[in-house]
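The two complexes that follow have chain A in common; it is paired with chain B in the first and with chain C in the second.
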Partner chain A sequence: MTNRTIHAWLGLSLLSCLGLPGCRDDQPEPEPAALAASTRNHLVWKRYHAFAQDLSRALELPTEELCTELGEFDCINDVHLAGLGGHEPLHQGLLEPLAEPLATTPLVTERVVLSACTARVERDRTDPVVFTALELDQPAPAEDSEAFTDTVQDLYRRLLGRDPIDAEYTLLGQLLVDDEGEPVTFGEFAQLACFSIATTTEFSFI
Partner chain B sequence: MLGFTALLGVGGLASEAEAKPTGPMRFCEAYPESPDCSGRLTTCETCHTSTDPAQWNAYGGALLGALGGRDFDEGIASAMLELEDLDADGDGETNLDEILVGTNPGNAESIWQPVPEVEGANPFYDLGTYDPRVALQRVMVLYCGHSASYEQRQDFAALPAEDQRDALHETLSMCLDGEYWRTLALRELADVRITPSYAVGADSDVNLSLGDGAYQQRLVLADYDWDYRLWRYIMTDDRDIRQLLTAKYHVVDDGAGGLMPVEGILDSPYETVAGGQPLPPEHRAGMITTQWFLMVNTMFSALPRTTAAQAYRSYLGMNISASEGILPVAGEPLDIDAKGVAAPACASCHSTLDPLAYAFSYYNGIGNETNLTGDYDPMRPVTAMPAWEAEQPTSMILGQPIDSVAAWGRVASESLYFRQAMGRMFFEHALGGPAGPAELDDLAQVVETIPADGHSANRIIHRIIDTEAFGAP
Partner chain C sequence: MSRNTRLSRRRFFTGVAGTVGAAVTAAHLRSGSARAEGMAAEASDPADRKLLFVVCASGGASIIDSVLPVTTDELPEGSDAASLNVYEPSRVIQPAGSNIRCVAPLSPLDQLFFTPQYSIQEFVEAHHAHMTVVTQEATSVNHAVAQKRAMTGAGINRGRTIAEAVAERHGRGLPLANCNMGSGGYLEPGDDRTLAGRARGEIITNPRAYAMATHGSRGLEGIPGAQQLLRARGIREQLDDASPFGETYRNAPLRERYLSMRRELGPMLEEQDAITKLMLTPQDDIPAALGLESSPMADQVRDALPNLDKDSWQQQGGMAFLLAYYGMSCASTIGVGGTSFDGDTVVSAPLAFDFSHTVHRTAQGVMWSRVLQVVSGLITLLQRHDYLGDPALGKMWDRSLIYIATDFGRDKLRPATSPDFYGTGHHLNNGTVLLSPMLVGNRVFGGVDPQTLLTYGFDRRTGEAAPGTVMREGDIYSLIAQAMDVDFDGRRDMSAALA
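Then we have the complex of A and B:
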């Protein structure tokens, strides 16, 4: 992952912490700093099952194809189950899920999301379902293009169930070029945009 | 200053004083209105940083000093009264205020201030008040197993405000009737109560070699799927959850994706050591007398203390190994099986635990012969414990004498402890963790309405999603 990607992801996480559902065209859009923040320290962890279901539904991939280790072992239901908030009593003797995310939870969340987003992009090369605005090996679209706006809006609706706000379009626009400022392909942009949105706090907590 | 003085006192007395398992009971007698006595559970942490060896926090130390050597059970109430207006942990809140709000009077880091008012505006969420849009997303994830779609959220947001609550409850009803909740989610809530193990369950691939290897038999000591089916059946369709401790029936798949109850003794469908339900209905008490429950907890014990403790922990929410739910019975423990539990260090907990366990002594754990596992044997206590006949121990639960596990289940299922345990289980599942001070009133309200709602799990959850704790961002 490039530094630019990490920065964009952190920015998106911050925005989603503030909880900013909105619409680019038809809703008033206050400055993030002016928004009142919740005074309750209370988010509920979206654990493994809903996490997998949401990724599967958003990216239209079977859950068993979201992520496997060594091409064989299910990342979510097997290898990283505990880190994603699940438990397994029969073989592992883990009778209850962990109360809070582990130190490894962000890592395995990113592992699964990156795998799922990559899988979706690869499938879309031959049978476009999610990333349909352009051919995936073409250059990524311009930030003010309809293809960019449609792709970002569609990803937000699929993954977060809402429309993006202007600040989020701007942040994702940073993914259209690499660290040297050179344009990336639409496929690379699609993968990173998908990853960035699906690793936000807003996607992982309710 | 008090904290320092108390610590000095603790240091001087620690070598000759012990933790008192009756402390939580005395605490709730003095402060029944405390959240720890109405929704949550009073624990040793109110006074202790450790119970073995006994070490006290600032409040516990202050109490120890205020007791001044008096008998604990006789003097503790007045000692607590003496300290009410003081601030043992120096966090700025009096002991009484902390007790009434549900924070720990002996831990300066346990403090609660009212949730601050929201400053400024947020056009997207109704911060600080119940927001049905937040509740919808939580309902969908927790009870349907996935998030609300974009279209679903749009449709919901477009409803008039007065219709959104009804729509929310309709969505919840749909989820509670769906496959995710009725199978996977409910099953996961039961795991810690059933404690399944693949190696000796119905799917076991471990083989016993019999007759010098001439005959192989799978090592199925019992089948936990009976337990899961019973749990899921009782927890759905507005059934009475007291049946968790009173049901005389078992539950099988109905062949059409549903569950249905069956009566009587059920033979094992497997050519294995065990796996059916051998217990006559008159000796049944729901989840705590299935073959699996008795096998995995009693095993070869003469006095099934583990079985009673697991039932107490699972369905009344009190973990005796953590000194929770200690309600000593006078004259106990008898040490009926000569295990040395009458020693002072053991007696304080076993004076509650052993009377809880006597009734389970008539049930086999792992049987010595095929199909005896989990069966009822009126001679088992006498056979297994030579002192039984002379002592004639009386089983007790929650201060009431009982003559059977069926009665154990009846008394337990009618108790406030049972309602608290079940309400707390669903509340914590919904909130993702224990209720905090700001949420304790909501929890207490949920527990209080369980009888009026017919002891229905579904109704408990409908109550929970209406609370501010659930729906206020």
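Then we have the complex of A and C:
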């Protein structure tokens, strides 16, 4: 190869390199491709029994301890049964569950999840099982800490069966402080993070 | 943990300064409304709104054993009174001023081990002015099928139940436009997939505690404060949209409707403080630590339904009233159940009216009394109170219609060897009781053939009795629809019965 040819190749390489992101340190990372929207959209509403079982397994709580209303009514099998997609053939003759969520379904979902998350946090104060990163009365960890990352990752794995994406870490990091910017306790963060994740539609529909 | 305080809708939408999540939530509300069914649409004009109460007399409430009886002296000559379900004249009463007769209260012997708390006679005495008795023949003797046909008019309006139709007409902007506490076929949704989402039935299985379903957090112990929960909700909204699941199913109709309810109806119910207004649990039975209160109208309801605290049937009536009074619903369905006790006394029959299979007259007497006691309490409440508590809107009764729905009638014969204690099967032929100032009151439309005890129909426009004809479920449905300003193709003109 002659010097002219070598110079030509180098020049071509330089020119082409100018257009390649990897060649320059100040080029932005390419945007990840947006997820295509489903064309079938065949979602199934996760109903009372499955909902309770999933929550129970994720938080390692007996189903009967997930939620009670007014100190006496079982949330899942009694007062919120219809709202959670259940059926009651014996007394009410509701032979088949309703096809779609009721107007109060989102609210009762929040109630059951909030109650369960609170119950888990309270249990963990004496016998940590889920929220083990820190003492629950301590200030919540920093967003860049291992305690935060581990807690969020563990919640996602328990509740949704996957790892969180970066955006989800960032969003949940906002729960580490209150509206005034003051750090909350780890216990409060645990409750709120648990609530936020378990009341997403991803937990309620499959 | 600080005690949770009420979340106002304004605070939910806008949040406090620096709450990014709440601001995003507000944006989601706007976009959610546009994409989804717009469940929290602008409310219908309260002045125009009408209220429907469907009272399900489950099991087969016989009209000739209540308000359309036939006496032995009305039988044609040669008839065998002992083998027909007719009553001695002394057993049939026509209260002063009433054009409607009724069966007298059960004797102690006829009551068997039941203790009726009320009587058909008391009801007719108090409410005959607004009673409309319409003869009718059903088209099924299967309980579930007949119950559903009683609600849908046998499909006359695209399969919509009358409650759904009224909710779609009058329920715009109401968070719980159509509530259903019935059972069996009365509880089934209609078959019209084009029905607006807001008109679908909200099932209430436990009226005493249902108020808890109208708030996402109040009444739970040890939870974070209201502001923190508001913040978490905002973060949750963003998580929902940012997640791979949310991106993938961003156009899924089921998910969109769910989000619309969560972002619009939920805040509406919380803003309206439904958890307090609908709380039927007495204050003494609410653990103090929960920070909840009984409904401000609870005492008023208890005055008309004295056994409210213990009787689930009266709780249904009370809930139906509260839902309407507070402008959350315009159509409520309630349904009488089976065996019920008041202390040691049995006040309701097993299988409700279907206990007629075992002992017909006792079952009919006990159950008509039970049903009408709650209907009477409901009428009392509707007559006493202004709609939405606003005197300018007039009394609730002025805009209300009560439809006592039932499956079908019962056999017209009885065994001559046991004319007082016998069982009956299902029978298509029957009648219906409606109550409303919007209908011609103190009137029977149609009649009863004394030879067969079969009811016959009437001319829909003139109201003249028309022997040889029968009215059907679609006629009852059309009558209610016409009174409630619900228009649909195929609606029959029932003008004769309209006030």
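Heads up, the rule we're going with is that the second predicted complex is superposed on the first by the 173 of 206 C-alpha atoms of A that agree within 3 Å, B and C clash if a C-alpha of one lies under 4 Å from a C-alpha of the other, contacts with A are read in each partner's own complex, and residues count from 1 in each chain.
The rule is simple: a residue touches a chain if its C-beta (ideal position, glycine included) is under 8 Å from a C-beta of that chain, and two chains touch if they have at least 3 such contacts.
Since this is a predicted model, take the numbers as computed values, not measurements.
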Item to check | chain B versus chain C as contact partner of A:158, first or second or both or neither | outcome: first
Checklist outcome for this item: The chain contacting more residues of chain A, comparing chain B with chain C, is C
Checklist entry - After lining up the shared chain so the two structures overlap, which partner does A:46 touch, if you call chain B first and chain C second: first, second, both or neither? => result first
Next on the checklist: Going by the contact rule set out at the top, does A:142 touch chain B (first), chain C (second), both, or neither?
Outcome noted: neither
Next on the checklist: I'd like to know which partner A:57 touches here: chain B for first, chain C for second, both or neither.
Outcome noted: first
Next on the checklist: On the A-aligned overlay, A:35 touches which partner chain: chain B = first, chain C = second, or both, or neither?
Outcome noted: both
Next on the checklist: Going by the contact rule set out at the top, does A:118 touch chain B (first), chain C (second), both, or neither?
Outcome noted: second
Item to check | Touched partner set for A:93, first chain B, second chain C, both or neither | outcome: both
Next on the checklist: Just to be sure I read the superposition right, which of the two partners does A:103 touch: chain B = first, chain C = second, or both, or neither?
Outcome noted: second
Next on the checklist: On chain A, which stretch or stretches are contacted by chain B in one complex as well as by chain C in the other?
Outcome noted: 34-38, 43, 45, 91, 93, 95, 99-100
Next on the checklist: For the complex, give me every residue of chain C touching chain A.
Outcome noted: 1, 15-21, 39, 144, 175-176, 183-185, 187, 189, 200, 202-206, 209-210, 212-217, 219-224, 227-229, 231-233, 235-236, 238-240, 242-255, 257-259, 261-262, 265-266, 269-270, 281, 285-287, 290, 292, 337
Checklist outcome for this item: chain C partner, complex, touching residues on chain A are 34-38, 41, 43, 45, 69-71, 73, 78-83, 88, 91-95, 98-108, 110-111, 114-115, 118, 122, 160, 165, 167-168, 171-172, 174-175, 178-181, 184, 188, 191-193, 195-197, 199-202, 204-205
Checklist outcome for this item: As the complex stands, chain B meets chain A at residues 115-125, 127-128, 137-138, 141-142, 145-150, 152-153, 180, 184, 188, 191-192, 195-198, 201, 430-433, 438, 469, 472-473
Next on the checklist: Under the stated contact criterion, what part of chain A meets chain B in this complex?
Outcome noted: 19-22, 27-28, 30, 34-40, 42-46, 49-50, 53-54, 57, 87, 89-91, 93, 95-97, 99-100, 157-158, 161-162, 206
